[in-house]
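In what follows, a structure is listed as structure tokens, so that the remarks can point back to it.
By written order: A, B, C and D. Residues from 1 in each chain.
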């Protein structure tokens, strides 16, 4: 398998073509967040929206255009984390970042298991310029979750007041 | 005809991914340097490096001579008197020097001589829709801060400047017209004469972004009739960290500086400063000395090849790349297809591949050892106008071979099937 | 102790007038470069040269890595987080970046976050009487254009900062205090802590000119407690055409840019631009890439020598030159005579020879192969205050030997008799 | 003779020590001019004043501080040209400039004769950084004469009006 084929594995191509979670969904939950991120190298943009029910991501949707790496990565993210706990989201985020820093080497089994389809992005780690593409959606997720948590804590504070 | 100069460029001998030979098609972003440039700088640094124009010792003398000699070489390349060349850190800095000088004049600097530069509400600044951000944002921000209005010459659906409404857009209230000599996306060379003629009618200053022209075609600023022009060392086979502003002497002498420091001044007290004449007034602080020496060597190298030969060579490369790209299914060539005659377009081709993002296109090229540029090439408004967020650009220079151009077209032909996109 | 490093510097092997060996004592103006720096740049240029942060091809990746790696090296030298280092074309540009950013904030740029930078009538900007023009004129002109008042900390008769009225001069209305870390004329190192303490009391921003400190003594900007600091590559054994601004991240993120172009932006439309975070927002256009790589190599070279060792070595040179000069009849040493302990003064000596103009002094030195600097060293107000128009300055670096220092003193001893001036 | 001694010939040293024309003289002639020049390398300044009677320099005085080269050069200039015709002044100016460009080589006999003591500055031509010093007064003279001529022609015009 050439580096190029290792980068564009079939699972990535499939996700890029039929992406999960695409199309922003209205969120009426009080704990919600939205993040808009731009990849400054190419101008690609993504808007990602989350809604929390307690510690669970009850809604995760996004909108945006981009390269197959960025689109597939967001799709995988949406498939993996919609309905999961915040803890799982944080851990998966860290594992994915680690995969990006691994210069094309696989991670340990535990993290590979956690990443599921996302392990297919292992080849991207060899191309520093593309890591940004693969991370675009993850950065948006991180940011949206921070906002949602803030909203939820201020909602809680509001309750107290 | 241009001689084969590849051997002059040490970097081109390297191999890239999987030991493939390098096909360098990103000269529009930054060019490679010939040995003549590398050695001029190295010789200077190991022999004559010293503070310029500031010391009475031998090294200072030699350094000053090399620095001013380089200015003369660069001046010769663009047909200008030597005292009309201001060293800057690059084209971006050169354009900002003019825009910020106008801002400072507007704030009261420069006395009566600077009156002609003052702008404000009711005045207009004109740019074009295809400008590189370096020749758009300075004017946009100047307009925002002075209350002047920003207007622009639009492009047509192919991304080519549409001059049909020039007389309206460059209205009598226009004070500055800033435009590029050649688009870094479509490669089309601007009809400078038409814009200059209209600008003169209304008494507007003209500022030319010559980043993409000076390295590739014969250029004489005085003949073009513009008032200011900016270009960079690194795109003309010279170093990064250096560029030049050309301006008519009487304008340069009247424009207030916007960067202040040592060396550019006549008398400094705690309260007041008086400036020297141009170009020195715009060269505060330690200058990019060895870089200027390198840029001078680059100018000499280009002149020794002959800019006519350079232009003809690159026109041939353009033809292969543009015709090749335009003939492929699902590949859209930005700019005119087949239209312009040789010499009317730079040696570059930017393309959008239907169904495949520019980044993915670039990755396929990179895997074949082809270095091209992907993205908006610092021309977001133009891409937006063309309905794109980015494109893939191959750009040539004196060392680009026909084989390089063919390799680009062949790689491009393989992209859509690799990604399983077929019409 | 510092190892003998002369062999690392190819230029020092050259001979000058009449085949004499070169005694280079003009490092305060510009330093020579070690092979480690020359080779880092050459290797980069013949191997990895490409557009930084803009391409997906291998060269672009390698270039980006080298460029950002250099930023990390420079950050380490000055004890700063890497994202707080902004590349500039030199110290002069770095200081102007802050001053012009404040001007643009005052003109309304930067929104609410930039409020803290706005100044105007009733506000005060404080500098010192011994500033290099690069850290005086930008503030003087900013004051002139915003209506703020310029005040300064005076020097005493020896040319040393007099901090006795600091609390008055840095008044509650003070918004900016800009001062040098070390005088390029007297060599005296400033009591930064005292000035920072007072500036904090009144909530003023501090801007440190670290041009002469970073290359010669251990420096940590976060420990010094200033807000911004500027320094140049070429004085720290690196290339010309590159320098750096350090600033606290939250300040850098809020300061509006004043030079505009590609690469520094998030989204550009014809009407509006949004900027990226620092440092990128201040790095528009093609950066001095190979120069940054060279400056990174210079930082590594200095760190490998150990800045404590560098400082101790130069203190020893200072002692020979200063004591030697002060002991000569009719020679006036600028700055404190014998006063400061080793480490409190840089490795330089500026002198005025009674009855002999600095240019003539320099000529005698030059005839002996000694490269020193003559003139006002871009500090006209300080010289005027000392009753002089110029002086002759010998300045050292890591490669300066005790023999060089003695040669300076001996040559100086011969000056007055050569010109037939005797007391 | 070392280069240094060739530069600082005795005649130069003498002129530097006891300079001609020093001390600005009041000029009541209608055709007069004054020029202030700064040597930006060292900050040295000179103010030079001329008054014309017809085509003759009837008054030439100056004030300033500087290195021995600049002081001696102005002194020689004053000695050579005070009382001379504008034509001689122009020719001498050109000859002196030529001497400065000659990189230490002597000029032809005609011009050497014209320059008199000023030929002693031949050594300066080897030191580009010092040429500015030697020219400081000459540049001031040139400028002052342009002004004086302008004043004289506008005086003439005034007569006509």
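Here is the rule we use: contacts are C-beta pairs under 8 Å (C-beta built on N, C-alpha and C of every residue); 3 or more make two chains touch, one makes a residue touch a chain.
Keep in mind that what you see is a predicted model, and the values were worked out from it rather than measured.
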### Task
Could you see whether A-B or B-D has the larger number of C-beta contact pairs?
A-B
### Message
From the mean C-alpha coordinate of subunit C to that of subunit D, what's the distance rounded to whole Å?
### Response
39
### Message
Centroid of subunit B to centroid of subunit D, CA atoms only: how many Å?
### Response
45
### Message
Distance between subunit A and subunit D based on Cα centroids, please, to the nearest Å.
### Response
78
## Note on the structure
Expected list for subunit B, residues touching two or more other chains, is 17, 54-57, 60, 263, 265, 267, 359, 363, 374-375, 380
### Query
What are the residues of subunit A that contact at least two other chains?
41, 43, 127, 130
### Summary
Chains touch one another in the pairs A-B, A-C, B-C, B-D, C-D
### Summary
Note: in the complex, subunit A contacts subunit C through residues 38, 40-41, 43, 127-130
### Summary
Listed in rising order, the residues of subunit B that touch subunit A in the complex are 17-18, 356-360, 363-364, 367, 374-376, 380, 383, 389-390, 418-420
### Summary
So, in the complex, the side of subunit A touching subunit B is made of residues 2-4, 7-8, 13, 17, 41-44, 65-70, 127, 130, 133
### Contact set on subunit C toward subunit B in their complex
10-11, 14, 16-17, 22, 24, 26, 29-30, 32-33, 38, 42, 45-47, 49-51, 54-60, 89-93, 95-96, 99-100, 104, 107-109, 127, 129, 132-134, 136-138, 140-141, 144-145, 150, 152, 232, 234, 239-242, 258-263, 265, 267-273, 284-291, 359, 362-363, 365-366, 370-375, 378, 380-381, 384
### Query
Given the complex with subunit D, which residues does subunit B contribute to the contact?
53-57, 60-61, 64-65, 263, 265-267, 276, 280
